[in-house]
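What follows is subunit A paired twice: with subunit B in the first complex and subunit C in the second.
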Partner chain A sequence: MDIVACYKWVLDEQDIKIVPGSLLLDTSRAKGKISDYDKNVIEEAVLQAEKDDTVTVTALTFGNAKAKQSLKDALSRGPVKGYWVNDAAADIADGFVTANVLTAALKKIGAYDLILFGEGSSDAYGQQVGPRVAALLGIPVVTFVTKLEISEGKVMAARKIGDCTEDVTVNLPAVITLLPEVCKPRIPGLKQVLGASKKPVQEFKLADLDLVAENTLPKNKIKSIQGYAMDRKNEIYTDGTVDEKVNTLIASLTKEGLL
Partner chain B sequence: MEDEKFDVIIVGAGPAGSACAYILAREGKSVLMIERGDTAGSKNVTGGRLYTYALELVESNLYKEAILERAVVREQIMMLSDKTGLTIDYFAGTNMEERMPQSYTILRAPFDEWFAGKAEEQGAMIAAGILVDELIEKDGKIVGVKAGGDEMYADLVIAADGVNSSMARQAGLKKEWNGHEVGIGVKEVIELDPETIQQRFNIGPDEGVARAILGGTDSVMGGGCLYTNKDTISLGVVLSPASLAAQKRSIADIYQDFKMHPAIYPLIKDGTTVEYSAHLVPENGWNSVPKKLYRDGFLMVGDAAGFVINTGTMIRGIDLAIVSGVAAARAVLKAAAPADVGQLYMKELNELQLISTMQLFAGWPQITGLPRMSSVYPDLANEMIGSLFYVDGKLPKRMDKSMLQILRKHVGIGQVLADAWKGFKAL
Partner chain C sequence: MDFQLTEEQTLLQQSAREFAATYCEPIAAEIDKTGRYPAETIEQLAKHDFMGMPYPEEYGGAGADYLSYTLAVEEISKVCASTGIIYSAHCSLGLWPIYKWGSEDLKKKYLVPLCKGEKLGAFALTEPGAGTDAASGTCTAILMNNEYVLNGTKCFITNGGLADVYIIFALTDPSKGIKGLSAFVVEKGLVGFEIGKHEDKMGIRGSQTTELIFKDCHVAKENLIGEEGKGFKYAMQTLDGGRVGVAAQAIGIAQGALDAAVKFAKERVQFGKPIATKQAIQWMLADMETQIQAARLLVYNAAAAKDRGESFSKEAAMAKLFAAETADYVCTKAIQVHGGYGYIKDFKVERCYRDAKICSLYEGTSEVQRMVISGALLR
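Let's turn to the complex of A and B:
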């Protein structure tokens, strides 16, 4: 059985600065990383393989040339092979484009029984790509999954919906999108890190994939991204005794609906 | 498994480790460099300067590719009293091409990452995000390292794991630091636009300042330093733990006052702090370098070996780290048998003049460690210089008499002579 764990290479939000005044984002010093939630995705796939010898895990990503660095990290987490669609188009891709590209790559790869995604990426969190890929491949999708078990060509998945849990059984092949609580990603050990550089990586360019041009053009074009700054009330209570000041504060907070 | 043995395992991807890995990999040795941080440089908080001669030893012209900040054209010594400051400014000239060796200010995080990447290009394997737990010893010889549950073997393990080298302690070559051997450093990286930095320090676009600062530390022994980077200033103090413990204030408070000193604050005004960090700094020079730097299957380089020189006007560590990494690599390449590496390493350190340089400055910690260096002498210097410029319309005192009077106000003649004698002996 083949599991493909998909992940996104994102900018590390810790390194992104909001420029005071314009509130524009300064990403010039930002390093890349595997989207936080996608580390759990790779881990869950690998845990399944560790339970069952017949399961093979590969990793798939769509990113620009810099995403090359991600493969060593991804493979040190356990997958046996990495697939990388290397194209600068990833920089402006929306869920539509990413889903088209990944679907074309999955068709090229051929071997997939279970395709795992994070519920959303740690940068845009659009929650689009998993369901779209399932639709394009014409296979079922289960979202918000916190637990999964594979047996005899089926997946039993627990979905977290609000305060409830819904148990779903689905036939393979299928797409499953995972919530981070599904598992905790490992910190790769020395041998895993060393082993990763010996694992095979297959690189595709967009031209290698069966894609029509219009499916590589984003439907959503980002005009600008700005930091969010909240205006402060800047109220200082100076009049009256301490008790009176506290009372005024509480009255204000109540009025704002904060208490 | 055959592929789990390397010629050399290097623990730590700082300048010493990367210099060594670079040369060994280039010469065809199988090298594994293990780094505790997620990337090389991520655990490092040094802002400082790199003397390029050291990188020349690794590979000619390599420094031209390095991630450097500004070429140091102004060497400065600053002495602070309570409210005043005296700065000696040596302008070293702008024609850097003719002046090798040169030095550059650097920020270690990007520099280390670049250097480790270069070693990787030469074929060294780098495993980042891995903490080495212990050395593997067999028949009295170090044969590998253990990290997590994994064991990895090599003919030689090189400890390049910095000032708190746990590898060197485990190998039994180094004891825990004594209070007087290290300083506690606090450093801040303050962001300012390049034009502002150039205006404030009177330098050109790629030019920089390295400044050693005495005084301003509330009489706690130690000193400060300042380096200008491209669009940041590295500012910090390194203080003596014993002297800190003898008073009540925290190092953070002392540093805050240091920053707000009227002669310092205008330099960093309107800047944004982008990093604030603390680190141990080896302070005792040659006298704290372990007697033995190697044993069978093991040797130590860089800060792990204690290779740092602080003369008060100049702090050298990064270049010495690189030189020792080069020495280790050369020793490995020249050794006919693994057992010869240690002695060859010492020979290379001698030939590269690292040991003789350290020995030359061996007495300096006694000068920089003089209690009066942190406040009495800076105050004295400020008042003496200040008096030269003091005009109030009254009859000035004769200069020799006024100088003597100021001197006596701050310190006894006997103390000055004693300190001078101590200083002279230390040279």
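Let's turn to the complex of A and C:
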């Protein structure tokens, strides 16, 4: 049985700064990383393989040339092989393009029984790619999954929706999108890190994937991206008794229309 | 000349950083305060293949190079110097003599479980009357009926009492002085081997430092490392590697203190602005960063020389001398940036300051490093 763990190489949000005096984002010093929830995706796939040695886990990503750095990191977490669709088109890809590209790659790879995604990426969190891939492949999708169990060609998944849990059983092949609480990614051991460079990586270009041109053009256009800044008034009430200070605070909040 | 880490070294550094943040940082202040040995961290170090990191896979190691190991010690020490030295004393000092000069049987019996982290290692050269003058030790190991009988006292032994395997230096022929010094693998629990005084230290308080007392302790003849009389050479060469580890610990401590100082300077507001906007603070930070980078280059240079199989005794001594004194300097300045807050135990730099001091003392004081360096110059 083949599990494909899909992940995205994103900019580390800790390194993204807001340019002082504007809301522009400075990403020039941002390093890349595997999207946070996608580490859980790889971990969950590997946990399934540890329970059942007939399970083979591979990792798949669509990213630009810089995403090469992600492969050893991903492979050190347990998958036996990496697939990398290396194309600069990833820079402007939206959920539509990414889903088309990954679907084409999955068809090329051929071996997939269970395809795992994070519920959303830690940059855009569009929640588009998993369900779109399932639709394109014509297979079932289960979203918001916090627990999964595979047996006899089926997967039983617990979905967390609002304040309740829904248990779903689907036939394989299927796509499942995972919430981070599904598992906690482990820190790879040094032998795994060193062993990752010996694992095979297969690289595709967009041209290798038999995609029609219109499926590689994003449907979303980003007009601008702005940082979110919280302005503080830094008002400190120093005069009066505690009661008076509380009254001043309430009066101030009321004046701002916040109460 | 390429000053870049390889992709592999970068990945191992990231792993060590992630490990340190997950397992070492959360308990660093607590083990400093209580003096508790972080057994659970050492267990995790073993689980993540750190304990035999620079040793070949055939002996249970991870097969990484020494520079990568240096990066690991640095990353761990950045958040917890106690864990840094527990690890470095085990890996650099406890394992190397067995790996380098031990028989194949000794390697199978001791090196493999040490590399896997099933056992903890320690190294015992220093004696109450033999510190910098390491050649004046009086511990003896006299061969009787196919066993060596050990007598004497070792002191200031890192991992003492906790380690399962000790490298002990003792005179097999006291009449020959240092030419009669030999090295042995001694297991914990042997009759006549006791753990003496536990030292109450200024810093690195999560690591344990004790006396080792030998009273007619019988050690199997096979536990002699290499040849009789070569002990001093083995000890000095092992310490060359150990010094790179301590130097890495020193730059880790310094970097941890600088990071804390930078963060504090950006957050602390005086005269209506963060103090980071003041030149008085900026210049201190600039000097700290420059010192650390210079020290780091010396440390990586020594580790790389060891990896190339070159003689690196002078390089290791220079790295340790400069890195240790840098740690002292940087931690003093880091407290200065904090002002009065830096003197309070709630702030990390107070611990860094106390931890830093040991780096210019153990595995040879700064003066010993200068002896090694000038010795190489004047040869």
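Everything that follows uses one rule, which is that the second predicted complex is superposed on the first by the 236 of 259 C-alpha atoms of A that agree within 3 Å, B and C clash if a C-alpha of one lies under 4 Å from a C-alpha of the other, contacts with A are read in each partner's own complex, and residues count from 1 in each chain.
Throughout what follows, a residue touches a chain if its C-beta (ideal position, glycine included) is under 8 Å from a C-beta of that chain, and two chains touch if they have at least 3 such contacts.
Predicted model, so just to flag it, every value in this text is computed and none were measured.
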Subunit A: partner with more touched residues, subunit B or subunit C: C
Touching partner for A:Leu24 - first (subunit B), second (subunit C), both, neither: neither
Touching partner for A:Lys191 - first (subunit B), second (subunit C), both, neither: both
Subunit B versus subunit C as contact partner of A:Ala158, first or second or both or neither: neither
Which of subunit B and subunit C A:Leu47 touches, first, second, both or neither: neither
Footprint overlap on subunit A, where subunit B in one structure and subunit C in the other make contact: 187-191, 193-194, 197
Subunit B residues touching subunit A - in the complex, by the definition given at the top: 4, 32, 34, 39, 125, 127-130, 147-150, 152
Interface residues, subunit A side, partner subunit C - complex: 69, 72-73, 76, 187-194, 196-197
Residue numbers on subunit A that touch subunit B, as the complex places them: 31, 187-191, 193-194, 197
Subunit C to subunit A touching residues, read off their complex: 7-8, 11-12, 14-15, 18-19, 22, 47-50, 53, 57, 62-64
